[in-house]
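In the two complexes below, chain A is the common chain; its partner is chain B in one and chain C in the other.
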Partner chain A sequence: MIGKLVAQDVLKIKRKGIWFLTFLGPFGVVALQMVNYGVRKAYLLQQSDDDWAYYISNVSAFSPFALILGIAILTSFMASIENETNGWKQLTALPVSKMAIYLSKFTVLVMLLFLSSILLALFSLSYGVFLNLGDEIPYLELLKYSIYPFLASLPVLALQLWVATVSKNQGIPITVGVFGVILSYSAYVLPDWMIWKWPSLLNQWNEPMINVLFGLTFGAILYVIGMVDFMRRDVK
Partner chain B sequence: MEYIVETNQLTKRFGKEIAVDRVDMRIPKGEIYGFLGPNGAGKTTTIRMLLGLMKPSFGSVQVFQKFLNEDRLNILKKVGSLVENPSYYPHLTAYENLEALRKVYGIPKSSITEVLELVRLSDVGNKKVKGFSLGMKQRLGIASALLHNPELLILDEPTNGLDPSGIIEIRNLIKRLPAERGITILISSHLLSEIDQIATTVGVLNKGHLIFQDTIERMREYSKQKVLLSVSDREHAWQSLVAAGIKAELHNGMISLKEKSDEKVAQAVRSLVHNDFSIYRVEEEKGSLEGIFLEMTTEEKSL
Partner chain C sequence: MIGILGSEWYKLQKSKAIFLLFAGPIAGLLIGLVVDINLLPGEAINKWHLALLSMNLNYALLFLPLITGVFASMICRYEHQAGGWKQLLAMPVTRGKVFIAKYLLLVTVILGMQILYLGSVFVVGIVHGITDPFPMVIVWKSILGGWIATFPLVALQLGISIMWKSFAAPFAVNVCFTLPAILAINSDRFGPYYPWAQPFSMMYIGGNTEDVFFIPWDQLLTVVGGSFLIFFICGYLYFQRKAV
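What follows is the complex of A and B.
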């Protein structure tokens, strides 16, 4: 059942610019470094002995922010496809459970964001190689700093999907999204418990894995809460 | 009798307001059930509950003799619906819209071309729905409802916003379906004239109450014509008629004769003339279905 719905959702996001955004996000993040290194490469290379590590830290200064922004945009696009002509009622009248409908939306979003993360790793790698940062390419670190923020951002995704699907007024998810983006931009000063800080992988213990585990756990919890609320509500 | 849809004391509250009040709907197999009611009567709310889009506040729904809350997915496999305005994805073509549904039903692709043919959208199948006219969108909605060859078709005001030729076209399409495909149809409307032309069974909903439910013939019986007399001194005229053993009623300042044969009317007139009442007019009122519908819904009492 879920496979059919995912196939349906993939068809529905056609021509909506969603695939383009999935590509644009990671590209934009690396493009910022292209400008950065393009303008002052010599200076930046002086800053550290490990040029790859320094480069990765530069890239990941912007990726959490792009991720949160991407989540806000993608979830609201996803919801708007159904809200536009109240597709929810047609969807709910199909022989599928509301649980599956919600799970399918979440699955497609996770797939898109995961793809974005992989693209981020690929783009970072390519530009790093182009910059000639050294022969010892830290593949694992590159992957880690692309995938970890995504896993740590799952609670934000679950929250945004929930708000976007149950709000009658689409101003609400957009407001939540904008706040999230602003918060993620100021991750340094946020307390550790705020979910918008987690994709930055910062915490008082200096252990990114903590954010990943919290992301997975609270992502699952917020997902279940959102889904139960969605199932409980009447469809207009 | 085998009922395809059967509700028991179906009720829906929104806060204090009761939108649907203890409705016992019965739709026999193979019928076209006309679900009539003025705006805000609760038709759409009832239909939403039949599809499980809304949970009843009280009461139950059975479709194909199975309880909706127990067997919802199995029931919905055999139900096609169009509730209020059609839902569609404007950025997709008509074909893609149907393909999205087909993926979920898991039926062959040929069913898409078939329904497009049926609602005469084959020519524009590959155009984005964004540019469709209202009538085309409505037809696409009906195609979506028919895609998986349902046994029960639920159409909520399917001719809403269509021009006369569009209305006739949809009506003819709906009329053909029970015979050609053996389906049972529930069609709602606030226009009696529309129901009158296609329904075989009628349910009238008013302020959440189902105030009438029977065959269209029974409904038409209520609409038999009346003979009305306009006379001088009507109070006494009426009394003199009753005294003479003629069945009559005083109605809106007119005398209404209960027996309408030529002979009985002549007898009443003769009796009035004989008693020196002036007769201004003798008229026949063709009670229309519209008339009874209005009467039913304004008097708000059960028939």
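What follows is the complex of A and C.
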């Protein structure tokens, strides 16, 4: 059942610009570095001995931020597909559980964001190779700094999906998203317990893996809370 | 015209968008309270400058451009629901007047938000125990300057919000333009010409204080004025031709 629901959700997001945004996010992050390195390459290469590591740190300065924005936009898109056509009513009238409906939306979003993260790794690899940063390409680091922020941002995804599906006025989830962006932009001054800090992979122990584990755990918890609330609510 | 403005204001009140007005100043307030201004580097003549600087980075660079888009979508939300455009335009009003009324209301709301932001700057200063005299002139310049710099952004977002029903689409466009501003403000060459970087440049205190605003007049007129004209005219013409 869940497979079919996911398939129909994938069908629904066709020609809405969602696939384009999935591509644009990672491309935009790398494009900012293209501008950055294009304008002052010599200066940036002087900044450190390990050019690849420095390049990755530059890319990952923007990726958490783009991720939070992407989450806010995609979740709101997902909800407005149903809101605009009064689709929730028709969808829940089908012989499927509300739990499965919610799970399928979440699955599609996770797929899209995962795709974005893989694309980010590919784009940053290609531009890094283009910049000729050195022969020893740190594939593992590239993959790590693309996938870890995604895993650490799962609580934000769960929260945004919850807010987006239960609010009729999509201005509310977008505003929550704007706050998330502001918070993640100033991640370095935030306390460690705030979920918007986690995608930046910063914490007081200096261990990115902790953020990933936090992300997975609290993502699951927030997901369940959101789903239960969605199930208990009346369909508008 | 007054009638249209009145009805727009009434719709805005009912849409609870007014609560959004407090979001920005509260965000600024929180940032201002978190950052310990006494630890900031640089010797300033007046500590109020430091308070404003630390809050402006987030507020003017990201929040202000992004939230104008949210307001623009909010203001078109009633019409996008259940054939609202048809009902509105069936009244004895011209499309041009509706567009202008929506625009005027939007900039008024942004002005309200800027004034509230001024209030939160004041609160942050009080909490941090700043005893220096409040630099009224400079702060007003920054608040009003930032407001004027949002004019072109508001015009573009209003046009896009009229075009698309969904909230997420105009927001996505807004984000695509706002993010490069982070890089643009660091560049002497591109910064002055990028409309989305202007709110930050206008609110940034430390420019030439002799001028009326913190950026030169010709930059204000060409970049802010020019992009305002382009976006406003495009949005206006688009709305004239839009099929409802």
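We take it that the second predicted complex is superposed on the first by the 236 of 236 C-alpha atoms of A that agree within 3 Å, B and C clash if a C-alpha of one lies under 4 Å from a C-alpha of the other, contacts with A are read in each partner's own complex, and residues count from 1 in each chain.
Criterion: contacts are C-beta pairs under 8 Å (C-beta built on N, C-alpha and C of every residue); 3 or more make two chains touch, one makes a residue touch a chain.
These numbers come from a predicted model, not from an experiment.
After superposition onto chain A, the partners chain B and chain C occupy separate space and fit alongside each other. Looking at the superposed arrangement, the partner reaching more residues of chain A, out of chain B and chain C, is C. Applying the stated contact rule after C-alpha superposition, one finds that A:Lys4 touches chain B and leaves chain C untouched.
Contacts of A:Val35 after superposition on the shared chain: chain C is touched, whereas chain B is not. With chain A used for the fit, chain A forms the apex of an angle whose arms reach the C-alpha centres of chain B and chain C; rounded to a multiple of 10, it measures 80°. Applying the stated contact rule after C-alpha superposition, one finds that A:Glu84 touches each of chain B and chain C. Of the two partner chains placed around the shared chain by superposition, chain B is the only one that A:Lys12 touches, whereas chain C remains out of contact.
By the document's definition of touching, of the two partners only chain B reaches A:Pro95; chain C does not. In the superposed model, A:Ile174 makes contact with chain C only, not with chain B. By the touch criterion stated above, A:Met194 is placed in contact with neither chain B nor chain C. When the two structures are aligned on the shared chain, A:Ala66 is found in touch with chain C, with no touch to chain B.
In the superposition on chain A, contact is made by A:Leu21 with chain C only, not with chain B. After superposing the two complexes on chain A, the shortest C-alpha to C-alpha distance between chain B and chain C comes to 10 Å. The interface of chain A with chain B overlaps its interface with chain C at residues 84.
Of all residues in chain A, only 4-5, 7-8, 11-12, 14-16, 81, 84-90, 92-97, 234-235 touch chain B in the complex they form. By the touch rule above, chain A contacts chain C in their complex via residues 17, 21, 24, 28, 32, 35-36, 39, 62, 65-66, 69, 72-74, 76-77, 80, 84, 169-171, 174-175, 177-179, 181-182, 185-186, 189. Interface residues of chain B, counted against chain A in their complex, comprise 48, 51-55, 73-74, 76-77, 79, 81, 83-92, 96, 99-101, 103-106, 144. Looking at the complex, you find that chain C touches chain A at residues 15-17, 20, 23, 27, 31, 34-35, 58, 62-63, 66-67, 70, 73-74, 77, 165-169, 171-172, 175-176, 179-180, 182-183, 187.
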